[in-house]
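Lettered A, B, C and D in written order, each chain numbered from 1.
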Amino acid sequence: MDFTTETCTQLFQALAIRMAAERDALCALDGLIGDADHGIAMEQGMQAAAAAVATLPTLQDQFNAAAKAFLNAVGASSGPLYATALMRAAKTAGPRAAMPRAETPGLIIAMAEGIAHRGKAEPGQKTMIDAWYPAAEAAKSGASWPDIVAAAQAGADGTAQMQATLGRAARLGARSLGHKDPGAVSACVIIEECAKILG
Amino acid sequence: MAPTQKLINDGNRAVDEMLVGVLAAHPNHLTLAAPRAIVAKHGPRPGKVALVIGGGSGHEPTFLGFVGKGLADAVAVGNVFASPPPQPAVDAALATHGGAGVLFMYGNYAGDVMNFDMASEMLEMEGIEARTVLTTDDIASSSDRLKRRGVAGNVFIFKCAGAAADLMLPLAEVERIARNANARTYTMGVALSACSLPQTRRLNFDLPAGEMEIGMGIHGEPGIRRGPLKSANDVADEIMDAILMEMAAPAGSKVAVLMNSLGSTPLMELYILYARVAERLGQAGLTVHSALVGPYCTSMEMAGASITLMHLDDELTKMLDHPCDCAMFRVG
Amino acid sequence: MAPTQKLINDGNRAVDEMLVGVLAAHPNHLTLAAPRAIVAKHGPRPGKVALVIGGGSGHEPTFLGFVGKGLADAVAVGNVFASPPPQPAVDAALATHGGAGVLFMYGNYAGDVMNFDMASEMLEMEGIEARTVLTTDDIASSSDRLKRRGVAGNVFIFKCAGAAADLMLPLAEVERIARNANARTYTMGVALSACSLPQTRRLNFDLPAGEMEIGMGIHGEPGIRRGPLKSANDVADEIMDAILMEMAAPAGSKVAVLMNSLGSTPLMELYILYARVAERLGQAGLTVHSALVGPYCTSMEMAGASITLMHLDDELTKMLDHPCDCAMFRVG
Amino acid sequence: MDFTTETCTQLFQALAIRMAAERDALCALDGLIGDADHGIAMEQGMQAAAAAVATLPTLQDQFNAAAKAFLNAVGASSGPLYATALMRAAKTAGPRAAMPRAETPGLIIAMAEGIAHRGKAEPGQKTMIDAWYPAAEAAKSGASWPDIVAAAQAGADGTAQMQATLGRAARLGARSLGHKDPGAVSACVIIEECAKILG
């Protein structure tokens, strides 16, 4: 069973549903070290993406449409970051209606690169990269989907011990310690859903 | 927790419904160029640098209230506390540029920088030069001026840039004046309560009664520290101490003052604070050239206040006094 | 209950400290004639009817913000939510009268009536004619127009009277226009939270989350009834239904609209409400001549909003458009 | 022991202290049917009056000074009402440094008349008159000070069953039922202190 445009549509629908469910928890996390809107951004972005991908002929078209829809619905920090991530995923998926499941971890690698590129972020700065980077590293090393998820999760958990040096929380100094980065937490949700549907 | 008390219809539609109301209330000032891109009816013209401002919603009258002849030509409107995406910024620029380039101005936030930078790249592809001046007036947000947030000082900084553009100065000059305005503007604030997003209607942070957050950002980002709620004079003194120290203005200098409410702090309290600010300025030998008192840069219903000083020079004085006629702000 | 969060020094001194700040912030507009009597620097002149307004504090920018050339000549300032005593009203009148008589205007409250009537008697002893026009725009406060309270509609009503006085019309004419302005002005509001007096810093009434008070006065006097908090559109509809029914303006009539915040309700919510107000007016075939949106008549930090319509005639239109230049309000 | 200017000074000091103690309770009562400031008005008014009466040579001077000070400190409804009451008391006391205790109930009668005159109020409208009027009636009939106080108290208690037709609460209609009128309650405090010091 390949990863098809139909599966891709399902993936974004699942992401929209998950983000709606996590919205208030993500907002609460963002309220501790940011501006309390991360859940809203992720919900609206994924909702827009899910609406945009339906009925498009190729995975590349779908990911590009998702990128644009996410960006236009959200703005904020998450918008450009995930828009770039999804455009990289589009490039990796290519102009085809399906891709072999075995290739799908490559999407995680592409997305992580897109985020790092757009945000100029490195691991350890208490951002979503702290979930995306270890997930991508695991994917590169050929790890299984459960291991990719576990790597992301461990990375996100680790952000609680980090002092933010990038993004809105960077001005908090030591006050950002003790709270997980909301972007890293929502990144885990995305990677989890990918594992469920692509794995 | 019960949802916070708001007069809205649908949290997800709050920004767009607000814009409908804004356009209906100010038909002589504003018009819609594209979704989330509002432009001044008067102002944009051939040969003039287009000043395009923008940022998240929830700070009204910042940003959209400062669009009008003599100030900003257009605004890109984001979701609540969220930078607008690139498209409205591009649309705003395309609708107002007069062949003399575009100046983007907005507060220095990671999200805004990423989105407006994408907008600049998109404009470049259209052959339109866009420069950017970030505002960084919040002295509580970093010891490094370049890393600071832009907060209420936007009002003065945008005003000076808008005047420069209205005077038909070239892009490089408008940019220079905008940078100088930003460099000479200093803000610090305190929050006495949280606010809530229309989508969640939950308080965005927890602030026990009897405490205040010092150096609070305008999105409820935590400030420098928590402390006991102090008297108006003590709060004014703490902020003035910090600003006067940074500003290091020689006696005899002129300043503009913005005594700003973050939302629900009423004029009575602002004027009580201002009384002390004026006293402190007098003691420092500084002259108040002009003062604004009111809700100019808010965080929806947050309680709290900020003080902004702009250390004037002759050029900035002229720019500040230059007439402007916006939907929610007028000078001259 | 922890004291409410306020930036003040001493509750008993809050009004006087506010006045220090007001005078410091607006030296080109305002000056102090006597304790609690603030007069316009420009405006009062020989042969001109002196318009003296007044009322309790806590409604800023009402009343003192409307003192200036083209609007009120002076204001008598009371304690929070308390009519001023007669003396400041007398002092304000003496400082500004130009030999053409004095017009006192204020909201219809028992306390204000008693105090200003004493002031009128005192002026009579000085040989100065003082007349009075009470504002009674709050349609929720009584079915009898004469018994109604004056609330946010003050802004329009004072504005028209101030223009008439500025045009050097005689006292009887200014009074006639003021009465006509009042008769054609209709306000109704809702409150979503209580406010608190600086002296007690306790919420002045209890309003559970999820409820609102319909027809609330601007001192937190209870309104017509409590009800569940409704959507912005439903609130606007309920108020517009009541006002349009009373106003009974034929299609084609012109109105001025004031979409007012009682304090902590932010502009975003006001504009969402205004979008509906504009829609309703369009459906009724009424034309908006001008609209004000913002905190014009507040109850300190109370959450809520009121809608005012003034049913214009040609004379009132002219008066409303007449220029004025006040510390906190400008037209033209 | 006559009622002297010294006793009069004591009376206003006692009133200032009592009103300070009752301030928040009176404000809370006023919050139910009015604008929550009655306690502040009475506290500030009596404080100003107490400061004004000291060292004046006659009772008439004292009551007049108290009237003026109360009015200027307060405004509101209470200001003109109590200013007029105190001016009537001044007239009754006359230009003398002392008056016989037996005449002092006349001060209650004078004050009640002043309030009724200024406020154009009648009993039954749920105002302070509902305490002052029965107290004055009792005084006219030669009742003892404790009986005067009891009459005021009963009158004030009775306001809970009244629907307001005067003052700020008049707009409330039936919603004013069930709560005592704050002005009637503070009137009792005044009459109580008078009884303690004049009686």
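The rule is short, and it goes like this: a contact is a pair of C-beta atoms (placed from the backbone, for glycine too) under 8 Å apart; a residue touches a chain by one contact, two chains touch by 3 or more.
The model shown is predicted, which means the values in this text are computed figures rather than measured ones.
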Graph separation of chain B and chain D (steps between touching chains): 2
Euclidean distance of C-alpha centroids - chain B vs chain C, Å: 29
Distance from the CA centroid of chain A to that of chain C, rounded to the nearest Å? 53
Geometric centre distance via CA averages, chain B-chain A, whole Å: 31
Two or more other chains in contact with one residue: find those residues in chain C. 80
Going by the contact rule already set, what residues in chain D reach two or more other chains? none
Chain-to-chain touches, reported pairwise for every pair that qualifies: A-B, B-C, C-D
Would you pull the chain D residues touching chain C in the complex into a rising list? 23-24, 27-28, 31-37, 39-41, 44, 71-81, 118-119, 166-172, 175
Mind listing the chain C positions that touch chain B in their complex? 2-9, 14-15, 17-22, 24-26, 57-58, 60-61, 65, 80, 190, 192-193, 198, 208-210, 212, 229, 231-233, 235, 259, 263-275, 278, 291, 293-295, 298, 300-301, 303-305, 328, 330
Which residues, counting only chain B, touch chain A once they are in their complex? 12, 56, 78-87, 109-111, 114-115, 118, 141-142, 147, 149, 197, 199-200, 202, 204-205, 217, 219-222, 225
